[in-house]
Every structure is written in C-alpha cells, then in structure tokens.
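Following this message is one structure expressed as structure tokens.
Naming follows writing order (A, B and C), and every chain is counted from residue 1.
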Amino acid sequence: MAEQLILLENIHKDYGGKQVLKNINLYIRDKEFITLLGPSGCGKTTTLRIIGGFETPSAGVVYFDGKKINDLPPYKRQANTVFQRYALFPHLNVFENIAFGLRIAKKPKALIEERVGEMLRMVNLTGYERASVARLSGGEQQRVAIARALINHPRVLLLDEPLSALDLKLRKEMQRELKAIQQQVGITFVFVTHDQEEALTMSDTVVVMNKGSIQQIGTPTDIYNEPKNAFVADFIGESNILDGMMIEDRVVRFSGHTFDCVDGGFGSHEKVDVVVRPEDVDIVPEDSDKAMLLGDVTSVTFMGVHYEIIVDINGFKWMIQTTDFVPEGAHIGLFIEPDAIHIMKRSEYSGLYGDYSLDVDPQAISLGGEEEE
Amino acid sequence: MKRSSRIYTILIFVFLFAPIAILLVFSFNEAKSLSVFSGFSLKWYQELFRDSDTLRSVQNTLVLALSASLISTVMGTAAAVGIHRLRSKYARAALDTVTNIPMINPDIITGISLMLMFVFIGSRLGMAASLSFWTMLIAHVTFCLPYVILQVLPKLQQMDPSLPEAAMDLGCTPTQAFFRATLPEIMPGVITGLIMAFTLSLDDFVISYFTAGNGFQTLPIRIYGMTKKTVTPKMYALATIIFFTILLLLLLSNFADRDDEKQKRKK
Amino acid sequence: MMGGRSSSPRRRLTERLLLAPYSLWAVVFIVVPLAFIAYYALTDNNFSFTLENITRFFTATSTITAENGQSQEVRTYLLIFARSLKLAVISTVVCLLIGYPMAYIISRAGPRAQKTMITLIMIPMWMNFLIRTYAWMTILQDTGILNGFLGLLRLPGLHIIGTESAVVVGMVYDYLPYMIMPIYSVMAKMDLRLEEASHDLVCNRLQTLWRVILPLSMPGVISGVTMVLIPSISTFYISQKLGNGRFFLIGDAIEGQYVANNLHFAAAIALIMMIALLAAMALMKHFTDRAFQGGE
C-alpha cells in the first residue's frame, strides 16, 4: 500500500475570480480507500473532478503514477467515475450501459459479453441485462454505475457522493458492498461525501476539507481522536470545544479548573482550543472527590443505547453521553481522564462553534444541502 | 363541459373550419361557380395535375424546405450546444437578442432586409439577377434557425451535465461523447426543431416573395400568382390536397406522441 | 453542478468552433440586412445620403373622394399608417375577446379533449394564409356563400367584401390561433386549486376571473397580443383580397414600392414601421412591468 499513485501539488482553482481550491497538497496511495469529506461547497467535488480530468487546475500539478497529467483529457486517464446522479445513459439498457467503455475501445463481442457478465455478477444484477435503466431502483442504478465504471479495469475509481440519493438502510448496505468490491478488485477508491459517519466507517484515509482547503489528513481514528482544529472536531462526531490555556506541558486550564492532560509542546500560557468528546466524560456525585467540574442538568434525551444530557457548567452547555440515567435539574459532578482531553492550536475556527445551548445540531445546518460548488 | 362552453366551442370551430369546408366542397364542383354546387366532378383535380407549373412549384417547395430545414437543424443544434456551454453573460445576452430578431420582426421586414442586401451585392458584382434559389435558401435558413435553437436549448438545459462527462470518462473523445451521450438525449428537441423548420419553410410566403428569383417559384408564390388572376376551383383542389396532407401528418405525429407517452408511463 | 464546466483552452476552442457558423450567419444575414434597410432608407438611387424618402413618408399627399362626392386632400402614408394601426388594433382586440374564453374552455377540458381541440385549432394555422384568406373572399363576395345562405333565409344580402370589416374578419381568422395558443399554454399550467381556493373565499365566479385568472394569465395575453398585433400591422395581401384593394395598409405600401422597384422608399417605410413597432413594444413592456410590480 505504500506506492504513491496520485499526487496533487499546490493545486489552486478559480471560477471567475472566486477561489474554490486553495493550495491543495495530497497524495493518494495505490489500492487505498480514501475519502474527501467536508460540507457543501468545501471543494471536495472539484478536487475529485481535477483527478478525473473534468477540470483543469488554475495552478499546481497533478501527477499520476509519477507523470504529470494536468492536460490529459478524461478519456485518456486510468480513472473512472461513479457520478452523483449516476449519469446512466437513458437510451441504453443495462447491458449496453455497462458495455459502453468496451464498445468505445472496440473490443471483440465475445470479450464484451464475458466481461459484462462478470460485472453483473459482481454487483448482483445478473438477469437485468435487457432492463431499461430508467426502470431500476436507485440502488440498482447505483450498481450499474459501479459496474460500468469498473469494466475498463481502471486503476482508480472516483465516486462523487454516490450514496447521497439512497435511503438510510440501503445506504448502509451499499457502504458494506462498496468496501467489499474495493477489496475484491484491489484498486484505489477516491470517495467524496459530506457524511462523516460514512467517511469514518469506509475509509483507510480521510481528508477533511473546508472552504477550499484541506483541514486534516489521517486515518479515521486519528481524525476522530486527534482533530487538528475546532472545525474538524466539530465536523467529526459530537464534541465540547472550549477555550483553554496551557499552563505548562501536560497541564491545561479551562472551565475554571486546571486539568492534567497528555498533550504538550505548546508555549507557556498559550491560548488553545480544548476538545472533550461527550462519551469521555464521567458523571460523579457532586460531593465526590473526583468531581472536577460541577453543573446542572438542563435536558435529558434517551437515544436508545445511551442518554444524551446537556449540562450547564458556568453558563457553557456541555453535551455528555452516558448510560446512567440522570434526572433533569440534578446537580452533578464531572470527571475527565487526562487522555480524554485533546488540545488543539488556535485557528481561524476558534470560538465559532459555541456550546450545546441550541436544540438544533449546528452540523445539520451546514450539511443541509447537496454538494454544489 | 358546460352547455354554454360547448356552444361557444362549436361556434369557434365552425368559424375556423367553415372556409376550409367550403374549399373542399367546391373543389369537387362541376361548374366554375363559387356559390352554387351544380354537380360532383374531379375535373379541377385533373386540371391541377396537368398544370406543370404548379407541380414544379410543389417540387421546388419540397426541395427548398428539405434543404433549409436540414441546414438550419445542423447549424442550430451546434449553435445551441455552443450557447449552452457559453459562460460569458454578455456574449449570451447578445446572441439571445440576435436570435430573437427574426422571430419578433414582422416577416415583411425580414424579407425586405434580405432582399435589399442581395440586390445591393448582386448589383455590385454586376450580376444580371441577384435573386435565385440560393438567396431563398439563405432566407429560409435564417428564419428557421431561431426556432431550432429554441427547441434544442431547453433539452440541453434539462440534461444531466454528467452524461457527456460519463461518456468521456469511459473513453469517448468529446466528439464521440456528443454523438453517443448528448445527441440521444436532446434528439426529441432536434426532431421537433427539424419538423418546425420544415413546416415553416413549406408555409412561408412573405419572405419567399421578397427573396425569390424569377426562375424559382415555390407553391405559396404560385398560389399568390393564381389568386391574382380570376378565381378557378383548381386552386380549391390544391387547397384540399394540402389540407389532407396536413391532416395526415398531424394524425401521424399525434400517434407518435401517444406511443411515446405510453412508453413513458410504463417506466 | 454549475461549476461542472472546465475552462481549458481546448474547451474554449470547441465552443468557438460550434458557435462560429451560427454567429457569422446571424451577423451577416440578420444584423447586416437590417442595416441595409437603414442604408437604403437614407440614400437616393445613387446611394448618396438623403432624407427625402423619410420626408416623403410624412408629407406625400393625395386626393381621395368620399362617398358623398366630396374630395379631400390627405397625407397618403400617414393615413395608411393610421389605418393599419386602427385595423390591427381592432383585429387584436377581437382576437383577444374571442380567443380568451376559448383558451379558458380548452384549458379546463379533460387531457384528451384538450389535445384534440389544440390540434383542431392548429390545423387552419398550418394551411397557407393565402388559401385561408382566399377562402374568405369566396365566402364574403356579394355573390358568395354568405349572401347565398342569407338569401335562402330570405334575409337581405350584406355587402361586406371591400369594406374594412372584411379586412378585420380576414385578420381575425388568420391570427386567432396565435392568440389562443399562448393564453392556453399559460392557463394549462395554472394551478386549479387557486381557482377553487378563491371560490372558497368570498369571490364569485366573475370575481375569480377578474382577480385570479386574469392576472395570472397576463403573460399569455401579452404574448398573444404581440403575436397577433405584429403580423396584422405588417400584413399585405389580406386587404388586397378582402378590401378589394381599397384599404391599402402599410404592408401593401411596402410591397407596392417593391413591385414598382422604388427600393429606397420601400426601405424608408419599412424603417419607420420597424421603429414604430419597437417603440410600441417598449411601451407595452414598460406598462406591463409596472402592472406586474403593482400587482405584487
């Protein structure tokens, strides 16, 4: 997995004076499942289209297998795409849609039949050869699009929010299936999504983007546990993001209390952003020795496996996930392990996300629309 | 439908079809009279088919309409694709305005303007006759083009822009992608545009009148000539044939539409 | 997916190649010929500049004899222009009055009936207008079908042919479908529930028509009026056949000058008509824009 297949170097992209990509640097390894993740308008689709050859970068270089491919048109690239709304050809049936690439390459008939059959088996659509694509369900169309893109044996499959049109249950199913297909064909998948859960469950590498810049690149665990800035922390999962100050290495002060932590390397008394994930906070009796912070429970929501409770601590509303029931209005103590406290350098996103005093999930707002850049 | 609406509808259709019905009936009249039907006869039809000038004008009209509609469909479709890709707002607004001119301008203005240009250039080149089949063809292509563009452009706008991209992604050159992905999608608009151009060209009198050369007479110009002189029921026979041809074409296209809808409903 | 367009040089080249033939065609055969109208209108036979053709339009006079035998000196082309405008406006209003209810009735019929009726409306439109006009000539003649029919009913005959009424009948017949179609297409798209909602409120049928249907169908009415007014102002032939050549219209004037090979004066009349039409359309747009703004 070490081989570097695609390299984006200092990529910029402008549309009529508007910068949509700012200095993108990214390498993609052979055979990995990499996801470009971010809210609508963050530049993830544009990045994918630059790899596919549908857009030319305004500045910067795209390398494929060590060769510069900036001006190589899509039909000469060893990458194939699964489009957002599948873009199946309505005037062709399932067989002809899948066979399209081979027909263009003028492959012999026997080979085409064999390979299409193979593809249909892979995506579980055997028997659908003569069906009109317009009559297929969303999930079936999706499979045809994947089969059509894979039949040319590309080295990279580009997927542009392929699951966004499916309902939740089908989506989960397709997530598993896509991952299985990727392992079966053993090629690189570059996947674009705005759904952080999808990104975390499927990918080897996640690239978090916002406003045309890469915010963080890492494995799903890295991204979740070690967010680089307040944007990533807020975008990936639930998090309490607080203003803090490093006292010295491994000691941080926030919410009026001084905590031990595991991070270091900051200046003395440097202002920082502190992230505490809701599931990493323990509830203890208010008079317990372990209680580091004290607060009032302002709301309790049963979520199935756990309760989600909002605790007011000195006017800042925390979210805490716990399996123990705590009544609304209770006065409780909170305990946080040193390794549950994650310290981040201040960034342009500091102070933007606030607390949980809103009923509305701020992510739900930013993710409302479909990708439109 | 309410009774008053029904009566109203019938009155309107009587108004619309009475003149045509009269033409039909009197085309079979034995005598030359236009108000008294004296007996059934096909003699006006026989006379019509012996009228070689009229027959030649029918042939001319078809040749002209076919060439004009094909040229304007090819050029108009290419133009629509170009306009669709155009990103400069100003260029687009300018093209839209120019495209609208022949549709808004009265036919007589379009006809006169082209005629003046042809005559001017012809006289400068020292040509004996500046107007010919070719000037008429140019005029017909000019007034058909906007209608083709207007039919094709919306189809392009409705099309998923990823379709041609998907074709290129799968190995098509941009040209192949146009013929294999874009064209099948916009085909209904292209065909409607072709049919519109064809019928507009068939039917046009005013613009043809100003741009026609002496040697090339289309059917409408021939009819104009016939109606200038004394009335003969031969023209009624011609009108009857035209009417039934149109009726047949409309019925056929209606059936085609219905099949199309059925297929859509199946989906 | 607005951004789904790349702007590579290759792409811009294709764009130009696709647009080049049409753009060239449009300039050479749409824009330049219009300039030729102005050029001819403002020059004499030797192509030197003159305003004579324009002044001739406004000052040329002729003597007409009224039915009571009195002679009168008139400005020929101004009279023709005024008459064209009058007959075109009358025809347009008649088309609107007849066509509007028809469009409404069609739009409220069942889908199959709608389709049939629209096809029926379109059939006469597909017949050449020369034939249509000619048919009316045979009907309206003094010895024509209409008078034959009236005679059967022992009613006195009508003298219609050669009057302004005959010209209006011809125009209404020729252009009525152009009024019905655009109004129908706007009404067919109109939400029926709006009508029902307004019935539920205080409105009676007439009020519903006035307050709901009419304002909403305005775009169709405007394009219908434009589509009837422009050809009826500029028509020739209709008045030659149905008006017995007694009611020269502006289109006939242009044609007459063309036939007489007075191309420069023909161009001048065409230029003046074009400017008048542009002004009329700008005015109409101005007022309808204001009306729409006021309505909101």
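Here is the rule we go by: a contact is a pair of C-beta atoms (placed from the backbone, for glycine too) under 8 Å apart; a residue touches a chain by one contact, two chains touch by 3 or more.
Please read these numbers as outputs of a predicted model, since none were measured by experiment.
Trainee: What's the fewest number of moves from subunit B to subunit C, given that each move must go to a chain touching the current one?
Mentor: Between subunit B and subunit C, the shortest chain-hopping route counts 1.
Trainee: By count of C-beta pairs in contact, what is the leading chain pair?
Mentor: B-C
Trainee: Report the chain whose CA-based centre is farthest from the CA-based centre of subunit B.
Mentor: Farthest chain from subunit B, going by C-alpha centroids: A.
Trainee: For subunit B versus subunit C, what separation do you get between their C-alpha means, in angstrom?
Mentor: 19
Trainee: On a C-alpha centroid basis, what's the spacing between subunit A and subunit C, in Å?
Mentor: It comes to 60 Å between the two C-alpha centres.
Trainee: Report, in whole Å, the distance between the mean C-alpha point of subunit A and the mean C-alpha point of subunit B.
Mentor: The answer is 55 Å.
Trainee: Could you tell me which residues belong to subunit B and also touch two or more other chains?
Mentor: Each of 87, 162, 165, 174 in subunit B touches at least two other chains.
Trainee: Please output the residue numbers of subunit C that touch at least 2 other chains, ranges allowed.
Mentor: Each of 1, 4, 7 in subunit C touches at least two other chains.
Trainee: Give the residues of subunit A that touch two or more other chains, as numbers and ranges in rising order.
Mentor: 54, 73, 84
Trainee: Mind listing the subunit C positions that touch subunit B in their complex?
Mentor: On the subunit C side, the touching residues are 1, 4-5, 7, 11, 14-16, 18-19, 21-23, 25-27, 29-34, 36-37, 39-40, 98, 101-102, 105, 109, 113, 115, 117, 119-124, 126-132, 134-139, 141, 143-145, 147-148, 173, 176-177, 226, 230-231, 233-237, 241, 251, 254-255, 258, 263, 266-267, 270, 273-274, 277, 281.
Trainee: Enumerate the contact residues on subunit A facing subunit B in the complex.
Mentor: Per the stated touch rule, the residues are 16, 52-54, 73-75, 79-81, 83-85, 87-91, 100-101, 104-105, 132, 134-135, 148-149, 152.
Trainee: Which residues of subunit B touch subunit C once you look at their complex with the stated criterion?
Mentor: These residues of subunit B touch subunit C: 1, 5, 8-9, 12-13, 15-20, 22-23, 26, 34-36, 75-76, 78-79, 81-83, 85-87, 95, 98-99, 101-102, 104-110, 112-117, 119-120, 138-139, 141-142, 145, 149, 161-162, 165, 174, 199, 203, 205-206, 209-210, 219-220, 223-224, 227, 231, 235, 239, 242-243, 246-247, 250, 254.
Trainee: Looking at the complex, which residues from subunit B come into contact with subunit A?
Mentor: Its residues touching subunit A are 87, 160, 162-163, 165-174, 176, 180-181, 184-185, 266-267.
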